[in-house]
Structures are given as C-alpha cells and as structure tokens.
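Inspection log for the structure reproduced underneath, given as structure tokens.
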Amino acid sequence: MKEHIVWRQTKNRIFQGLVYVLSFAALIPLFWILYQVFYLGLRFINWDFLTHLPKPTGELGGGISNAVVGTIMLVGMAFVMAVPLGVTTGIYLSQNRHSRLSNMTRLAMDVLQGVPAVVIGIVAYVWVVKTFNQFSAFSGSVALAIMMLPIVVRGTEEVVKAIPDYLYEASGALGVPFYRTILKVIIPAGLPGIISGVLLAVSRIAGETAPLLFTAFGNRFMEWNPLKAVNSLPLLIFNNAMSPYEDLQQIAWGASVVLIILVLGSNILARLIVKKWKVQF
Amino acid sequence: MLAEKLIALRERLIEMSSLVEAMIEKSVRGLETKNNEMLLEVMEKHEPLVNNLEIELDEQCINLIALYQPKAKDARQILIVSKMIGELERIGDHAVNIAQAAQFLIARPEVKPLVDIPRMALLAIEMLRNSINAFIQEDIDLAQSILLKDDEVDRLRDYVMRDLIAYMSADPSTIERGVELIRVAANLERAADLSTNICEAVIYMVQGRVVKHHYEERHPNK
Amino acid sequence: MESTILKSENLCAFYGDQEVLKGITLDIYEKRLTAIMGPSGCGKSTFIRCLNRMHEMIPGARVVNKVYLKGEDIFAMEPTLLRRRIGMVFQRPNPFPTMTIYDNVIAGYKLNGLHLKKTEFDRIVEESLRKAALWQEVKDLLYKKGTFLSGGQQQRLCIARALAMNPEVLLLDEPTSALDPKASASIEALMEELKKSVTICLVTHNIAQASRVSDYTAFIYLGELVEFNTTEKIFTVPKDKRTEEYLVGKFG
C-alpha cells in the first residue's frame, strides 16, 4: 500500500517537473530573440542613428530617421482610420448580441483576421496604388488599418460586453437616454480595456512588412508627404538585411532593436494600463 | 421604531393606572364624605374610560408583537403590560363595586365610624401606585416590599370582618349595612391582591424569574 | 384622508407570451411608505419597474393598461422626464465606478447635460448626502472615487444620487438584500426619516422589514394583488387566507 502511494507521489512530481520545464521552454525563443537582437544591434543606437538619414551605399555611418518617421506616419494614419470605426463597431456588437447584422459583422471580422497580411497588401495595392498611380504612405496605412480593424472591434466588444448590466440600469433610472449612457458611462468604464485593445492592435501592425512592400514601397530619403512613398522600419530591415554590405546589415540590426522596443513596448504598456487603471465594478 | 413605541405604551399604561387609582380613592372618599356625585363619577365617567383604555392598549400590544417581533426583555415587557392591563381593569371593577356598596351605605345611618376601611384604602392605593412605579423604574426591591405589604391588608380585612360580625350579632338591624361594609373591605383586599400580581409580573420582566405560586420553592433547580 | 400620488389601473405585464402581472390596481399614497411583499418570482420587482417604465430596458417586456402619476399617464410622458420624477434605487449598490462621490451624487444632472452653477451643485450634493445620512462620513472625501465605500455606504450614495433629482416618488427594489444586518438597519432608519419628505415604495422579500418600516403593505402573489391595507391590519388581521399563510411562513 505504501509503495503504491510513493509511486503516485513520484508520478505527480514528474508531471509537475515536466510542466515547469515545458513552460520554461516556451519562454526560450522570446528571450533568445531578444538577446540576439539586442546583442547585435544595441551598440549602434545613438542619437545620430535615430536622427540622420541613411548614407549612400558605401559611405559609413548614417541613420534610420526616415524609417522612424515613416513608421510613425503609417501607424498614425492607420490608427486614425481604424480606431473610431473599430470602437464604434465593437460597441454596436456588444449591444446587439443576436441581430443578423451583428452576426455577419462578427463573422466578417473573424475571417478578416485570418487573411494573410500580404494578400491585404495586394488588395490595397489594387485599390489605392493603382487608382492614384502612386506608392504612398496612405495606401500602406489603408492596408494596416484593415489589419487593425478586427483586433480593435473584437477587443472593444469583449470589454464592453463585460461591463455589468447594473450600470445601464443605474443610468437609465436617472432618466439618461441610451446614447448618453454609452458615451458617458459605458465608454469611460471600458476605456482602459479599449485602450489596451488598441495598443495591442498597434503593436501587431507596427512590425508588418509584407503589405508595405507594394504600398508604401520604401524611400531612401526623408518624405513627409503621406501621399508619396515612404520608408519604414520593417522595410528598411528587409532591404538592408538582404544586402551584401556589412554596414547596411548593422543598420538593420539597429533598426530591429528600435522596432522590437516599439512593438514590445506598446504590448507591455497595454497590459500595464489594464492593470493599473482597473475599473472596479 | 420599537423603543419609541414601547415608551408610548408605558405612558398610556400610567394613564390607565392613575385613572384606576383615582377610582379607588374617590369611591372610598365618597363613602366617607357621603358624596353621591363622586360615586356616580366613578361608575359612569371613569369606568367606561378604563374599559376603552383596556381595548386600546390590548390592540397596541398585539400590533407591537406583529409588527416588530420583540425579543428578550422587550417581549417580556409587552407580555407583562398586557397582563397589567387586565389587572388594572379588574381593579377598576372592584372600585365600581365599592362605589355601588357606598351608594347603599351613604343613604343610611353609619354603623360605626370608618377607621379601618379608609386605612385599607390608603394601603391599597399605595400598593397600586408603587407597583406601577416598580414597573417603570424596574425596581425589584420595591416590588418585593409591596408583596410583603399585602399581609397587612389581609390582616386589616380579617379585623374589619370580625369587628363587623360582632356588631351584627349584637344588633341584627345593622346586618344589611354590615354586609355592605364587609363587601367594601373584601373588594379593597382584592384590589391589593391584584397589585401584588402586578409586582410578581414586574419581577419576571426584569429578572426573568417566576415568583408567583411559590414556583421557585417547588422548582429549586430553575 | 390619504391622497394618492401614484396609481396603477389593472396593470398587466408580459415577458414575451408569459403573463407576469395579472391586472394590478394599486394606490400609492403621498408621503407614506408602501411596502410590496411576496415570495420570489411573484412579480413584485416587475411591478415596481413598470412604475417608472424601467421594464422597457428588458427586451420582450410589454405592458397593458395604465399607470398615473398625479393624474398624468406615465406612458404618455417622455421616459427620461418620468424617471426624473420617480427615482429608483436597486438591490445591488451601483455607484458609477469612474466618477467621484461628488459627481456620483449629481450624476443625474451631469449625464443629462443639465448645467447648474458650481455653488448650486455644491448645495445639492451636501443636501442630498445629508438626507441620505452620509454627509458626515464622506464630506472630506468628495473627490475620491466611490468604490472604497462599504456596501451600506454605497447604497446610501445611490439613495443620495436619486434624491438629488428631487423626485416625487422614490422606488426601492430590495435595497437591503445585498447588505449585512448593520447596514440594513441603517438603511431602514434612513427610510423612516425619508418618508416624511418623499413618497416611498419599497419592494422587499423580508417580511419583518415590511412590518417595521411601512405604513401600507401590499401582498402580491403569482402576479396578482392579493391584499392591500395598512400595515397594522395586514399583520394583525389579514383578510385573505393566502396572506395569512405567507405571513405565517407556509410558503415563500
């Protein structure tokens, strides 16, 4: 009898150990990537790096300023296009659980989320680039916005759905019309969750390369006009990494560090916001 | 809330007991001073009032029980008040009996000077007043002392009876009046008894102890 | 003689096809506390929600026949205006979690876009919190969010919020069910005070509470109004056998 118990306890411990080891193993790729990138790229980061343009091939030095500006422009415009539409759609879905339109919308968002980024890029190419006969940041933002949309919509819907009914009741009992309840009670209550959803969407698209290949296209110089082709961090990394020149590769590593900080940063920020700003119901 | 309602109930009870006190006092004084108006007042004015108070206070008691579900001392208090209402009403009835006997007596010559009966009346009134005080102040010692006073009233009644029996055997023409006088004394003695009932009830309310029927002597464990 | 401030006439209510209220005719008297009691599921919560048309927030709920507030048909009024005249406090305390205590009290104004001067708002906040017996406890904490308050305090905040609109009638839907005994007692004491200045209609499944605080009691069972009378009469000499059985504890 006693041996049986000992055997069971051993089995337990083996299983526990296995779980720990495998969980740890799942962390390895992340830490390895971070280590690799920071080790290879961190040394190149300095103020010049961030604020200067890339130098012509062959010359030493140079920076990634145009890529930084481009990324900010692309993400910013995508934000402006996707967030208002996504948040309002999410709110609509949370209020209408069973209507035909909402079911179709949810299905559409789920499908959209599964569409490969490169396909979205091609579609944006046909819609925008071909129409205006011009590569542009704008077209890139369109592609990115389409990618952001499902995340913002679903995130907003889940957050608002989780807001308890009694807030609606409390507001209704004070004679507040429904749209005002949504604007002034429900959205503020769900704001941390909504913001975090948006930040997650941003971190998702900041590093997307494929759609930008045929929309923003890339630019060796600084470009402030959103209707023209611009450079961006992923594009720069893509182009430089494939080049035979060592200094360009180094720039690519440096840019990778910046991109990772951007993506990881907004991800972590999203979680912090939800944690610190938690609305108690 | 309940506390306020209990206070109001007590106040009405005091009103009732004052009224009953007055009835005893006036019925005996009416006899002493041969004042028929006073006797009529007792029978026709005060008695209906006491009866109405009894009904009103009974209703209040049941209301308090139904609406507030009183516990512990509050519950005992309401139960005791309910009993006291009954006792007071009966004391009132005895006062009316005294008044009726008095009406008969004051129309006729005195049998003997009234000494003991007024003394009994004083004692009975004192016992009633103190028993109500004991209730209000929750004073057990006072209640106990009243229980002892009852013996004196009993002795006085016995004395009055023996005295009057002597008079009646000596002079048969005094028998009718003598019997009425005995009636007065008997009613006063009953009134005093009822006051002792009230005192026993007060002791129960304050201490949760049953003193009546020599309960404690027969159940030494409780 | 009592004057009726709120009256339902043969009110029937349906959730989809199910008839939940079967023709309730009831008078709520001014400046009195009317308790509505009955076992779970009898329709008392549904009834009280019809009185300020809150039932309309539930999909599939509909109502037949009338309710009158001081003679006016409430179904002909603008619902938002009606709900400023008839306030409601719910079973679960529900202060707005993103607002400070100060803002919570005047939420009825702010959320509706009704603007008053700051001094006016200050006065309303203090008055409402005083009436709700909460002023002393929170007067130095007005600009903090209300979620740190205890359950009883939160409920009093909700009462203050309702009172700030100066309603003619205050509907309370089992306001102490979610509170501990001490908090419940404080709310009961508050109700006794408030009924002097505002008509109160209280739904409760706690029979003893109904007997303690109300002036009039209505007993609703299976969607019907079984009996309505002064609280004293209902609790000492109920006329209907079902009322008696409910009070004695045979069901519910």
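When the chains are written out, they are named A, B and C in that same order, and each has its own residue count from 1.
Methods note: a contact is a pair of C-beta atoms (placed from the backbone, for glycine too) under 8 Å apart; a residue touches a chain by one contact, two chains touch by 3 or more.
Computed from a prediction, not measured in an experiment: that's the story for all the values here.
How many steps does it take, at the fewest, to get from chain A to chain C if each step moves to a chain that touches the one before?
When the steps are counted carefully, the minimum from chain A to chain C is 1.
So, comparing C-alpha centroids, which chain is the farthest one from chain A?
Following the centroid criterion, the farthest chain would be B.
Could you tell me which chain's Cα centre is nearest to the average position of every protein Cα atom shown?
Per-chain C-alpha centroids compared to the overall one single out C.
Could you tell me the distance, in whole angstrom, between the mean C-alpha positions of chain A and chain C?
48
With chain centres defined as C-alpha means, what is the inter-centre distance between chain B and chain C in Å?
50
Approximately how many whole Å separate the CA-defined centres of chain A and chain B?
Those two chain centres are 94 Å apart.
Check each residue of chain B and list the ones that touch at least two other chains.
Counting only residues that touch two or more other chains, chain B contributes none.
In their complex, what parts of chain C are in touch with chain A?
It is residues 52, 54, 57, 79-84, 87-88, 90, 92, 94-98, 107-108, 110-113, 147, 158, 161-162, 165 of chain C that touch chain A.
Which chain B residues qualify as touching chain C in the complex?
Residue list for chain B touching chain C: 1-2, 62-63, 66-69.
Show me the residue ranges of chain A that touch chain C in the complex, using the header's touch definition.
Per the touch definition, chain A meets chain C at residues 166-177, 180-181, 184-185, 188-189, 191, 279-281.
What residues of chain C sit close enough to touch chain B in their complex?
The touching residues are 189, 192, 208, 211-212, 231-232, 235-236.
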